[in-house]
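Chain IDs A, B, C and D follow the sequence of writing; residue 1 opens each chain.
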Amino acid sequence: MDFNFSPEEQAFREEIRGFLDANLPDPVPDEDPAFLQAWNRKLREKRWVGFSWPREWGGGGGDLIRQFILKEEMSARRAPALGLDFMGLTWVGPAVIKHGTKEQKAEHLEAILDGRSHWCTGYSEPDVGSDLASLQCRAVRDGDEYVIHGQKIWTTSAHFASHIFLLVRTDPTVSKYKGITCLLVPMSTPGITVTPIENLSGKASFNQVFFDGARTPVANRLGAEGEGWKVVMGALANERSGISESTEMQQHLDDIRALAKRAVRNGRPALQDDRVRRRLSEMEIRVEAMRLTGLRHLTDQINGKPSGSETAINKLQRGILEFEMSELSLELLGSEALHQGEIQHDALGWHGTVIGGGSPNIQRNIIAERILGLPKD
Amino acid sequence: MNFGFTEEQGFLREAVRKFVDERCPMAEVRRLMKTRDAHSPELWRALAEQGTLGLLIPDEYGGAGLSWVDFVVVLEETGRTLLPSPLVSTALATMALLEAGSPAQRSRWLPRFADGRAVGTLALLEASDRQGAAGIALAAVRDGEVDVLRGEKRFVADAGAADVFVVAYRVGTALRLALVPKEAPGLRVELVPTLDETRRSGTLVLDGVRVGPEDRLVAADPEATLELLLDCGCVAVTAEGLGAAEGALAVTVRYANDRVQFGSPIGRYQGVKHRLADAWVDTESIKSLLYYAAWTIDERRAELPRYASLAKAYLADAFTRIGVDCVQLHGAVGYTIEYDIQLYLKRSKWLRPMFGDGDYHRDRLAALTLG
Amino acid sequence: MDFNFSPEEQAFREEIRGFLDANLPDPVPDEDPAFLQAWNRKLREKRWVGFSWPREWGGGGGDLIRQFILKEEMSARRAPALGLDFMGLTWVGPAVIKHGTKEQKAEHLEAILDGRSHWCTGYSEPDVGSDLASLQCRAVRDGDEYVIHGQKIWTTSAHFASHIFLLVRTDPTVSKYKGITCLLVPMSTPGITVTPIENLSGKASFNQVFFDGARTPVANRLGAEGEGWKVVMGALANERSGISESTEMQQHLDDIRALAKRAVRNGRPALQDDRVRRRLSEMEIRVEAMRLTGLRHLTDQINGKPSGSETAINKLQRGILEFEMSELSLELLGSEALHQGEIQHDALGWHGTVIGGGSPNIQRNIIAERILGLPKD
Amino acid sequence: MNFGFTEEQGFLREAVRKFVDERCPMAEVRRLMKTRDAHSPELWRALAEQGTLGLLIPDEYGGAGLSWVDFVVVLEETGRTLLPSPLVSTALATMALLEAGSPAQRSRWLPRFADGRAVGTLALLEASDRQGAAGIALAAVRDGEVDVLRGEKRFVADAGAADVFVVAYRVGTALRLALVPKEAPGLRVELVPTLDETRRSGTLVLDGVRVGPEDRLVAADPEATLELLLDCGCVAVTAEGLGAAEGALAVTVRYANDRVQFGSPIGRYQGVKHRLADAWVDTESIKSLLYYAAWTIDERRAELPRYASLAKAYLADAFTRIGVDCVQLHGAVGYTIEYDIQLYLKRSKWLRPMFGDGDYHRDRLAALTLG
């Protein structure tokens, strides 16, 4: 156990800080597309976009600890995300690097790093719910093409995505895990229709995607036919370091502390209220526990023992925190909570985040059955 | 001692439920919430014809002269389907007139409230963290017998639909209450977008509004009248919230029976059913507190402050939990605008600060009990 | 809806208060057997023991509202329980009045009222748990006697009881509800052995009771053979008014308020701590909700619509309250909580109370399935 | 950056677990808890032979010179089976000597702590609601170079088994720490019956105890030393509590797999499994905070106060919930003395106030972070 960083790692941290001092405007114009493009170009020059990707494909070739340091420093200064194509960087790129053909790598990887592509992922389907492997969307081979029929749902960002990382059933006669194939499909393909689903804030953040005989070349298949489940499980493991979750929650905590500092409750500063103080401390405890749990799993990853179900810990902690933070922030607003506003909007939005990661009850089932060894229901 | 509803109250409940289901089903709620005031004059007149609007108003002013226990029955049913209407606001304006209105003021407004020609509301609050008299700072400038008001009243429910406002202000340190009609020169309403789209809130801008002696309420003890109005507000929104919590529970029980995952309706799993059982225990317990609190308005005013706080504190936190649990138990669809459960969630967020949140009322109870 | 009492009811309340002023010592010597006997004699003279029993059997012939007033006043002054034989008064007496023979009534009812008997109830068995009707304890008819073999468990007070109200299986060939019979058996019967079970406080509050060929005359059967389930369900309904539960919780609340008034936390009076104040208010809210819910059910009973599963409301509220009160009282004790003492002892004891009424999860299943109509698990 | 245990620490954990399972299974715990001091000199010597007692003590005094991270591994395992022993008390007395002992004091006591000939403990507290220096009021009367103590120290862990006490007192406003051996004239120990029968607590009565210069610790900043000891105490009891929480969870998981009701093991029901899953999330999260807190004692003292509070606050409330849930999930047998789960419940009640409860540490964190 050693939480000290090596001199080289420390120097890397200083390098990031220096870069941010020199380049990051205050306040960060994080809604300005021109700034975000320029920012991405600067990060690309440093090879900090796709930091852990191999250098031969345009990545940084960085190790996990430096990646952690990079994320921590960027997040502490509220710099924009590392890269413009979130899904591409997190899911698609690593899968293409592992399973892709030379042509696929050339076509997609640099585009992801430059933010020229914008990927979405087509996994969930109506009535399939938590049981992902039961998916029904069909692709039938017709010469050099697959012909796709079916439907996806809860597809985040599909309404402005350039490509979809798509799971389809190519063989319904074998066991459900073996008949699945992964395709890389441009959203401009004829036969694809996107219907946005409005969320409770009235925004379209996810979609239904319909495939009505959409055709895509066999060259767009990632990995072998019937190997789609393996491909996607590898990609899922990539997503689960838990580090970014805790830095995000740390930012929320900073925000709610700032709110508490200016809030007044019934004529008295909110920070003089014992219960407000203790609720903030309770959040600090859980955020710090998440950060350190993330570091434990990072160590496991570095040692080649990537964590499996253990990531459910931080998912559940996050659910508890999002709820608590939403409620406290609304309480601190007093009657202002009746109105629309950013804080009020965020307080409704956490439901989407929490459900997006698999509902808390599903996480609890996983823990109870896989880790504690209790019988299946 | 009899803690039960009369047969008439049973009929009243059935009638309101039938009216609401027929005249304002959820599709109509969604249509109304897109309109400027979330208020339908047609629906309002139909409610008047039912006798609902005059429920608290004495016979002599065209009402039915019924009790708050009856009114709570109505609000529970209108809350169940999130009916958009200025029902609570007008009832509170009615209470202001019954408590402290001059005969002329009553004769002018109560018949119009009863038959649906006018809508009234309270315009009391200023600071977002303050409920009671201590938060009222709006100072009148005296011009002879006239009080001239310059300032703002915030968080005014149904501000756009209202024809008359019950405004609280100060002359020196003395609290005064007055009726200000919407046509009063210098009065302006600014609507503010609301979290719960089935509800409306606005700021009343007073730019030299003149309040003459004939406009002022004649309360012997304005602070007491103000407290009564706030406590009645607590009871009213608790009734609406109870109905809404029961509505959310019913919607979710239906979903849990219908939605099949891993081969069973999700309502089979204890992770679902125990949370719904807890929600039911909460709604039943709130009923006990609420009905008694309503009865104290009618019969035992000295106990009202305590029971208003007991009921609202329970409701504020329980409905928050119920709203969140019911959305979560819906899974991903609970987060879509298509399903109704999110409207109940927003109502739960709306009702928490209205007339004081859980901690506000727990502090008030502690002050009453512990000193 | 009318919470006013009639002038006659009000006069009855005044009568009770006058009686208490004149007769109840302060402090109440509620551990002194001689006082308790004398107190019971005084209450018997007023016909307040068995207040709702018919006058012909020595009861008070009182109505439910006066019974409520009586309990409320007695509890407010912390008078000893109304009667000495709790189980006899609550369960056995009403069942004997309803189903008993003239001889059974003569033998048992006055003894219960005078506190000469001490009943326990033999329902639960090992491995039967919540599914009471599956009981296995056998009674076989042999001439004018039943011969009993089997075992009961969690039998409160059996180690000093004079009689047991016993459920046995007389016919294993019919459906489980129909083969059950109720017997009234003296504990002195040969073939009955009692083994106390120590609870976590080291006290014996409940027992195992073994029947090894114990014989009891057929004359001791309450109701017809095979009708035992009906008899006991009627008795269970008697127990469930919920009024006494809320008066008990009100006493706990008074105690914890008194503790909070004298407690200091980290050098500051506990009553200056916002969170302590609000937790006390939260308890006040739930206790008052219990009281009023009890009154709603009392009204239902008066109107001949006795509540069924609704009593689960107050059982669950009680569980929440017992937990909260136990934890807050220990927190208010500070380091004193390390030691043994009455408050610490009570803080452990609530587990027994809560489980005794059927575990909270069982209550939730009942509500979800019977009232909300959700599918059985 | 490496958040993992070394291979040696893995062996240490296995060795302690094996020792505890063999030498002090639950039957032996139950036997020991009936003895006066809940302390077995034989077991203590066996622990010494294992090298466990000397773990924090430098080589030169006969110890192994290991770290708090190692010690936390030990405490987690001894906590798992509720081992009765003055392990924590002696380790805290060791820390007092390492931080502020003179060479003579160290030479006298550390070798005896390491080989099990002596037991030490802290005698700091007086008021039941006070943890820190502000609660220390015991005033010495000066007699030349000697401080004469008259008064009481309460809540002294393992008071009956201890050979030497680290006593805090004041000379004027100045805080002092001293070593008082149990044979000191005027010293008397009164044992107090404890809620957790596997633990012992007592009152130290000081009736004219004389503390000479050679008895006093030589702390440059006694307040800082005191705070360090209390923070080390936090870490130690959090480690014991984490082990106990894991033990309670394991016992209950076993019961939930074995106990059949309505035809299924009760562990199949979500009402059971979700609570156990939550308990597991809590124990894993506490581990993260605890291991880091232990590391700060060894390597980064400036961060210790915050992390001691983070870890203890989480443990205090989570273990309370886990203890109660695990008893409840056992049903009626959970309430009997026969089943072990009630011993874990009592341990959870014991550990909450030790070195400050949840609210105490949340207040402390708020003061650090919010001012």
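Heads up, the rule we're going with is that a residue touches a chain if its C-beta (ideal position, glycine included) is under 8 Å from a C-beta of that chain, and two chains touch if they have at least 3 such contacts.
Keep in mind it's a predicted model, so treat the numbers as computed, not measured.
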Query: Measuring centre to centre with C-alpha atoms, which chain is farthest from subunit D?
result: B
- prompt: Considering C-D alongside B-C, which chain pair is linked by more C-beta pairs in contact?
  reply: B-C
- prompt: Where the centres are mean C-alpha positions, what is the separation of subunit C from subunit D, in Å?
  reply: 41
Field: Averaged-CA centre spacing for the pair subunit D and subunit B, given as whole angstrom
entry: 54
- prompt: Using the touch rule from the top of the page, what residues of subunit D touch 2 or more other chains?
  reply: 269-272, 274, 359, 363
- prompt: So which bits of subunit C are touching at least two other chains?
  reply: 273-275, 278, 361, 364, 377
Message: List the residues on subunit D that touch subunit A in their complex, please.
response: 1-6, 9, 69, 249, 253, 256-257, 264-265, 267-270, 272-274, 276-278, 280-281, 284-289, 291-292, 295, 299-300, 310, 313-314, 359, 361-363, 365-366, 369-370
- prompt: What does subunit C use to touch subunit D in their complex?
  reply: 124, 129-131, 154, 197-200, 202, 263-267, 273, 275, 323, 327, 330-331, 333-340, 344, 347-348, 351-352, 354-355, 359-361, 364, 377
Subunit D-facing residues of subunit B, complex: 269-272, 274
- prompt: For the complex, which residues does subunit A have touching subunit D?
  reply: 1-5, 9, 65, 68, 257, 260-261, 271, 274, 277-278, 280-282, 284-286, 288-290, 292-293, 295-296, 298-300, 302-303, 310, 312-313, 316-317, 361, 363-365, 367-369, 371-377
Task: Could you please specify the touching residues of subunit C with respect to subunit A in the complex?
output: 273-275, 278
